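You will see chain A twice below: alongside chain B first, and alongside chain C after that.
Up next, the complex of A and B:
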């Protein structure tokens, strides 16, 4: 077995671009999925049966279907629905955002539900208005329970962005696999890809542990 | 826009074969992942410090690398590195087991740590050995508390088996892709596949949560 690692270094601008796209996908997906999750959670808790049913169906559906299938599905369905030929990046972003919005909505909902009713009632009894109770009493406490879960969702999302490579979005996995098929340096490219993911993912996993220790609430 | 689901029904047998492979792949990965995860979790809680460090590194590495990358590495790079050629199905079993084992280990660790230390001291005071203590006192209680997390790890594993499509394991995702390409009906075929995955994963978490609600009191101490 002779290995030639120079192939990794000679292709570094391509790989760096792939890394950039992976990071961009992660950040953009979260930027969409946090408001998306809030809207879905608000719909579920709104008291309107129709809104709540729509939210439940959306959330339960996307939580129980593989992301890779959603990616394929979006790739074929979105052009039909919108009559536009969207770039693969947008399609991948949409699929990831829908999936993550579903997960985030459950995070927000269980975070808010974990604050006992007595807290809200105490606020109201002190003469605070409904929104005041929500923003000054419920939200600051719920935040501490939501943040650790959101942080691990972030790391999962970072890893799941690799799945959009199946529709040729030029992120790290796609780029590395492309270089692999052009140079036939299979071992080197795949290992380099794994190492790059590790270098980025390991500190994130450690950060999640730290957030859990710092903000985690145990009862 | 008109839909035509006949390709799905025409290839029903072929797709159901894919469902079978998906279920088999999931079962093997869950069982193997569970066993390795238990060993790793126990090693981290009760093992020596160097062992705990190594196992911690393994767990954090699995948390940092995408399943897709692990799968591709197992299938393409592992044979070059070791000289052992794994068929796609077994490469997928190994990769998925190694991945879920790390998460199972974290669940076990959290479960074991949630048992109050008074329980351990009581067991030791009664003259139990560490292995007796783990088997008779810690694990029975911790196991109940871990049930909901097991439910989500099982449904996660079922969903992640679909990634094995990239190394051509003939499971549901792969077969749906084949039928979609041949019939030019991707929307219908992928929608049917989504429904099939939903039917497989949705009941799992529900059943596990239902069982948990009935036995939760046994985990309280």
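Up next, the complex of A and C:
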């Protein structure tokens, strides 16, 4: 087989840009999806039937359809529904953020629910207010349980950003595929992509392991 | 309606105004009547033990006392004022009542000393320095000064419960509520918790104790209330309840626990 790796190196500025977009997409998605998840969880647990129903519908929809479908949906259907035509990057970001908000919401909800009722009562029994009890006792404990799950979600998201390549968002996968189709160097580009994803993903996975060890719950 | 002082003028604190008065207190969980109109009083400086079979309503009454559960009928009067349902008023009442739970409920993300300073700092606005000083004194009192910087997960059950007592005492409460404080403990650590409670009693702390420790109730209580099926079966001085109960069902209950007088 005749391999020519120079194609990877000669296109490095393009690939670097793709990497940057992948990272940017991951960071922005999480920046939206963490508050998004908290809001959805709060709506679900608010006691208001309407808010709870809206949250349940949102979460159960986006959690149970493939991300790629959401990406296509955001690309083809959202502009028709909202009469807005957004850049591909924003469209991809929206799709990823909706999917991840839905997942994060369940993470936060189970984290908050996992804190024993007695912990809240112990705070109240000291004379603390409801909000004081939530912020000083329940949330810090829930956060420790949620953090390792969020960290794993982060690594999944990092890889899932590749799905928005189908709507021509110029992240790593799209860029590599583009170079492939221009140079016909399929083996080289796909291998290079794997190496780049792995080199970036591995340290993140190790970081997740560390977070799990550091914040793993012991009671 | 019961008579004042449970009908016995020899009761501790009988000459003074009672601290807590329960008047026909009712509490339902759906169809289930957990409290069917309980009338009692807690006198200043006395140790009152609530005993009786599991599910008889003792813990429910205790949890209603500081408003963790709201009552469905009757009235609970603390220091002359009705508890009511207003959250602000309940918070003020809770500051003055220390509570110790069966399952300790120490805050696992805080060290022992941080658990103890939490109440004074967040609720009373005490400075960290002053709160820590007092917390160390209280941890010394329960024999755990050396464990101040340990997390609850590194403490035995008995040690955790002693920290929980220190945490409640840090608020300088008027009364301490104990909800089966030794039921979740290994037998070898029960004694250390009961000893701390005995010291508190000897210092004149007003205490309401839900317990299955009959020896403790017999020796330390000034007044014993026997619960059955959400109502008071009988109440009296410990000598009477354990020596010569007027109700045959009290006798039954005590003999089930192996109590022989």
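Just so it is clear, the second predicted complex is superposed on the first by the 217 of 219 C-alpha atoms of A that agree within 3 Å, B and C clash if a C-alpha of one lies under 4 Å from a C-alpha of the other, contacts with A are read in each partner's own complex, and residues count from 1 in each chain.
Here, a contact is a pair of C-beta atoms (placed from the backbone, for glycine too) under 8 Å apart; a residue touches a chain by one contact, two chains touch by 3 or more.
The structure presented is a predicted model; accordingly, all values stated were derived computationally and were not measured.
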Practice task
Report for A:168: first if it touches chain B alone, second if chain C alone, otherwise both or neither.
Solution key: neither
Practice task
Examine A:212 and indicate which partner it touches, taking first as chain B and second as chain C; both and neither are also allowed.
Solution key: neither
Practice task
Counting touched residues of chain A, say whether chain B or chain C comes out ahead.
Solution key: B
Problem - chain B versus chain C as contact partner of A:127, first or second or both or neither - result: second
Exercise for the section: Mind working out whether A:114 is in touch with chain B, chain C, both or neither, as first, second, both or neither? Expected result: neither
Practice task
Have a look at where A:183 lands relative to chain B and chain C in the superposition and call it first, second, both or neither.
Solution key: neither
Exercise for the section: In the overlay, answer first, second, both or neither for which of chain B and chain C A:144 touches. Expected result: second
Exercise for the section: Please indicate which partner A:159 is in contact with in the superposed arrangement: first for chain B, second for chain C, both, or neither. Expected result: first
Exercise for the section: In the complex, go through chain A and note every residue touching chain C. Expected result: 116, 118-119, 121-122, 124-130, 132, 136-137, 140-141, 144, 218-219
Handout entry: Contact footprint of chain A on chain B as seen in their complex
Key = 1, 60-61, 63-70, 72-73, 76-77, 80-81, 155, 159-160, 162-163, 165-166, 173, 176-177, 180, 186-187, 190-191, 193-194, 197-198, 201-202, 205
Practice task
Over in the complex, which chain A residues touch chain B? Could you list them?
Solution key: 1, 60-61, 64-70, 72-73, 76-77, 80, 155, 159-163, 165-166, 173, 177, 180, 186-187, 190-191, 193-194, 197-198, 200-202, 204-206
Handout entry: Parts of chain C lying in touch with chain A, wherever the complex brings them together
Key = 66, 68, 87, 91-92, 94-95, 97-99, 101, 103, 105-109, 118-119, 122-123, 152-153, 167-168, 171
